[in-house]
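Please find one structure pasted underneath; my questions will follow.
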Amino acid sequence: MSWTPADPMVSIKDVHKSFGDLKVLNGVSLDVMKGDVICIIGPSGSGKSTLIRCVNALNDIQQGSILVEGQEVNDPALDKLELRKKVGMVFQQYNLFPHKTALQNVMMAPVRVLKRDKVEAEKQARDLLAKVRLQGKEDAFPGELSGGQQQRVAIARSLAMQPDVILFDEVTAALDPETVGEVLQTIKDLAEDGMTCILVTHEMGFAREVADHIYFTDRGVIVEHGPPAIFFDNATDPRTKEFLSQIL
Amino acid sequence: MSWTPADPMVSIKDVHKSFGDLKVLNGVSLDVMKGDVICIIGPSGSGKSTLIRCVNALNDIQQGSILVEGQEVNDPALDKLELRKKVGMVFQQYNLFPHKTALQNVMMAPVRVLKRDKVEAEKQARDLLAKVRLQGKEDAFPGELSGGQQQRVAIARSLAMQPDVILFDEVTAALDPETVGEVLQTIKDLAEDGMTCILVTHEMGFAREVADHIYFTDRGVIVEHGPPAIFFDNATDPRTKEFLSQIL
Amino acid sequence: MTFKTDLPVMMPVKPHEPEPFLRLKLWHVVPIALLCIVGTTLAFAADGDAKQSPLAVLMNWAPLLLRGFIFNLVISVSAMALGTAVGALLGLGQISPNRIMSGGSWFVTQFFRNAPWLVLLFFAMFLLPFELSILGLKIPFPDWFKAILGLSLPVMANVSEIVRGAVKSLPSGQWEAAESLAYTRRQTLWLIILPQCVKRMLPPWMNLYSILTMATVLASIVGVSEVMTLTGRALSAEGGRPELLAPFYGFVLLLFFVYCYPIARYTVRLEKKFAVIN
Amino acid sequence: SADVLDTIKERGKLIVGVKADYKPYGFLDTSGAVIGIEPDLASDVAAKLGVEVEFVPVVSSNRMQFLEQGKIDLMIATMTDKPDRRDVVLIPDPNYYSSGTNILSLKSLGLKEWEDLRGKPVCGIQGAFYNKATSQNYGAEIVAFKGTAEAYSALKAGNCAAFVYDDSAIVAKTNDPEWADYEMPLPTIDDAPWGLAVQLGEGNFAALMSEMIVDWHKSGRILELETKWGVANTPFAKAMNEKYK
Amino acid sequence: MEFFFDWFRVLNQETGVNLPFLYDSYDRNRIFNGFLTTIWLSLVCLFFSVIIGVIGAWLQASSFKITRRIVNGYIQLFRNTPPLVQLYFFYFAIGTMLPRVENDWGGQSPLLGSFAWAAISLSFFAGAFNVEIFRSGIEAVPKSTVEAAEALGFSKLQIYKDITLPLAFRVVLPALNNNLVNLVKTTTLAYAIAVPELLYEANQIWSDNVNVTEMMIFLLLAYFVLVGVLVGGMNRWERSMKIPGYG
């Protein structure tokens, strides 16, 4: 049973996860096809972050299965490095390496992990920084950049590994309102280029605009999902309705 | 010239205040009658917080006069304790005492400052916590409460001193959107009970609903004021108009 | 149920540079302390004795005492170098994912951290052989060398804790970010974590050096000819005159103050500087 | 195994443990060199062996360990010759010097006998054998310091009622005008000879030292050194000189 | 019990492992008293160094420049010179300058003995660190929390006592504990001025019995246990003082 590009790129099936006594995921299933952009929304603590952290094995799961390009993530024998070359991740707190410049942040993993040629990796890194509209900031340290700029470096850093899918965990939540826009624009560009994206976000307008599919989670289960047009205007579940009424 | 309940409860006259070289208040005057609810709005840095902090002598003033129940606040010989029994204050950051439970936070000042009987103070504190809809949370520590719950404890704490007027400084600004409503409801209840309130807020809908009078400040002066109906719909000053257009 | 909060319930505990002591520059301290010594000296000299004044006596001995002090510094630098080298390894052992390795390193660290310096010094002094024979080659272990070994034991344990503390103090996001970029654990440690730790480790490391320098006088108790030992012998050679005690011990205090105070000031400045960057 | 004498000759240097805080038997000059009666004796030994001499300052609490460990070849460090010490180190006969235990105390205290020390704080030196005896037999509370400087200071400050020490050193002290108010009031006890020592098993070296000691007594070298360093000639030294002459 | 003790005498005769403080009642008393002295000295110093820390931190916030400078001078002097030399300076130099009192054996003895000087000297030494620790703790209490108390009518002293100190105390507990553990280890220095604490007594015993190895191992274990108990107690205390919901 080998994976073909026609199969889901990420396939999550009945995933359960607890931290000690706390049940965080209670049987979550969803599929992401190549080129899809899906958004996961839901109240705080509903398990959104946990879910996407499970996809690149930052958290393990207790039950269920997560397949990435047909490969089981929840397998003790899994080669985590191989998985992580395929799955990129961008965090809420950017997590840039503060002792390296923007350029170094972007080219370090290709050089050290993928053993790419340095000159080539640098060229690619400069291109990526240009793509996220950060020409001229190559030699700035993270501490010298605004939140939005740092987050765009983080996106470029993730892209440098040429992943097949990227996970975004509330990447605009820690930003000043003024710089949220530039980061969202960057993600939109990516989506338009056909990158497979899984986004956790609170930016409903953005979700509506870019997502192919919206999932609403509450207390560890997916309560409702659907394409944005249907989801936002015709939510049926009372919890979804309440959440949307509060946030819109 | 003794004060009677028919006189303004708080009377601010031509108040000037600088921090070093920075002029923050530039001749502000306003009167608050007993039972009034007034809202102060204005852009960030316009001196709103400074103004209400002057009312309970957390900041001193350089010129002008502030009378609270006929008593001059800007008087070096002022008994601050007497003033603060009359004027309560609730802060943006709640500022609960983190090492005390909700109940202890509420009953501490009556016991320590007013030397009330402990049993009686506890009874009153429980009643107040019930009033702000926090039954059952008496023994929770601030760190175990949500922002909205903490802010309601802070309001109860302020009420426990049985003040004649309460100052609210952007009390919902630090809250998650979901918990703003419960705090505003609590303030509305207070206002309906006839408490004299001076509010600094950015919640225009709320201001319109509860305020008897709105003041708009910019760069240390009151630019425009009036009852909400007139203020919001017929603002004349260009600065007010611009501010309202941005925020509504 | 708990809520996370970003509110400043408690501000970070930050180091602060104490106001300069009497707004003096360092070199001011020297004449002032000398004045104090001379002061006590004169008070005693008023007895009107044919004997040399305490100050004159101190001056006679000062060159010898200074030589002793330099010996203290040599001991401190060597013990620091040795302790840092071994302690760094031990610290890395403590954060190793291997349970046996981390447990063992933890135990060694705790054992030597909890033992008084003086006891460790006695331990090294009396229980190490005076020379080691390796392949017929005799390596002598003179006293001062044993003192260095003895003092480097607690240094080692403290450096180990400094390394562990610095690594632990980095936000877990750094580990996670590196992990999700497919770095191996070793790469993460050497490329991402440790380079960031160096700065964090420098101030406590310098602090430790200062403490070590002051601990070198303990070697006097086990008979190494450093400044305190020489002071005792000088006092004895002068026949145990009580009026000599204050100037002599005062002189030793002064020597250490002049050396350690600038280090302390510089440490605080570094702490502040790094606190701003991070 | 190799004889220590060979080792000494091979390295061209004799290493001797001496006191450095015990005036006039061994103390420092301002250049840091150790001088005194015992260093002079040690130099004699080195001269006889035709090697140089190096002094290692020792204190009572570490002198035997140093010898045991082989850190010093020879110890001439005011050590009282006691049977249990002969178990640990080799003490050649005859003894080179002698002193007993006595105390230095204020005249005004009027101490008469050892029993008078009961319950009183008495300064001593760490590692001296008579600490335990004085406290066990006479009930004194021993307050032991590292060196004599500290002990003398503590006595003068009044921290102790007396300082229990070798009578030869105390006699020297009572002649000092600084200590005019002090006396050595008790009968000397434990009058015991001092022994210099070599490592156990070094029979040849011990034999050589026996010869040297006899020589020192015969030639009056001990008496001469006493005079040189300002101590009145002691009965023991005189008697030994008579005996071997 | 006697049988148990005698066993160690036999052990000594049979194997040469000499633990006289177990079979010899005189040495047993010495070690026991040494242990008590160490504990007592530690407690006294812990107490006074914390008091010095609290008062010093309060003085350091004083509005008089001169007070602040004196406190700073004290801190710098004590932090940057060896505690052993401080001890000598206090005991031998300052101790001899103080007036004397008549004692019960008819002499004049100094006002304070070696234990008292060790307690004073070590308290001041550890206190110099505690001042800084408390000061940083007080600075960590947000100004706004103090203002909230002010707005409720608390007086300055009430705020310090009920709000600032309890909060500061919780933040600085780890640092404080660390310093106090160091203090306990530093009490070994009292050995140098003949305070009969554990190290001093052990040294007396190994001088009399030439059993350095055994005594050394015993000492290491004894301090390991002593400090271990202290650290354990402090950690437990730290946990119990933790403010729920934070950190």
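Some observations on this one:
Letters are used for the chains, namely A, B, C, D and E, taken in the order the chains are written, and counting of residues starts over at 1 for each.
As a convention for this text, a residue touches a chain if its C-beta (ideal position, glycine included) is under 8 Å from a C-beta of that chain, and two chains touch if they have at least 3 such contacts.
Because the structure is predicted, anything quoted here is derived from the model rather than measured.
Path length between chain A and chain C in the chain contact graph, taken as the least number of steps between touching chains: 1.
Annotation, chain A versus chain B: rotation angle of 160 degrees from the Cα superposition, expressed as a multiple of 5. With centres set at the average Cα position, the gap from chain B to chain D is 85 Å. Centre-to-centre separation between chain B and chain C, using Cα means, comes to 54 Å. With centres defined as mean CA coordinates, chain E is found 54 Å away from chain A. Counting only residues that touch two or more partner chains, chain C has 2-3, 5, 8-10, 126, 220-221, 242, 245.
Contact of a single residue of chain B with at least two other chains is seen at positions 93, 98, 142-145.
Across the assembly, chain E contributes 92, 96, 142, 144-145, 167, 192, 212, 243-246 as residues in contact with two or more other chains.
Chain B contributes residues 56, 58, 80-81, 84-85, 87-89, 91, 93, 95-99, 108-109, 112-114, 141-145, 154, 157-158, 161 to its touches with chain E in the complex. Those residues of chain B that touch chain A in the complex are listed here as 176-178.
Looking at the complex, you find that chain D touches chain C at residues 20-23, 27-32, 57-59, 62, 65-66, 69-71, 146-150, 152-153, 156-157, 176, 178. Listing the residues of chain E that touch chain D in their complex gives 26, 92, 95-96, 100, 103, 105-110, 113-114, 192-194, 200, 203-204, 207-208, 210, 212.
Contacts from chain E toward chain B in the complex involve residues 142, 144-145, 147-155, 158, 162-163, 166-167, 170, 243-246.
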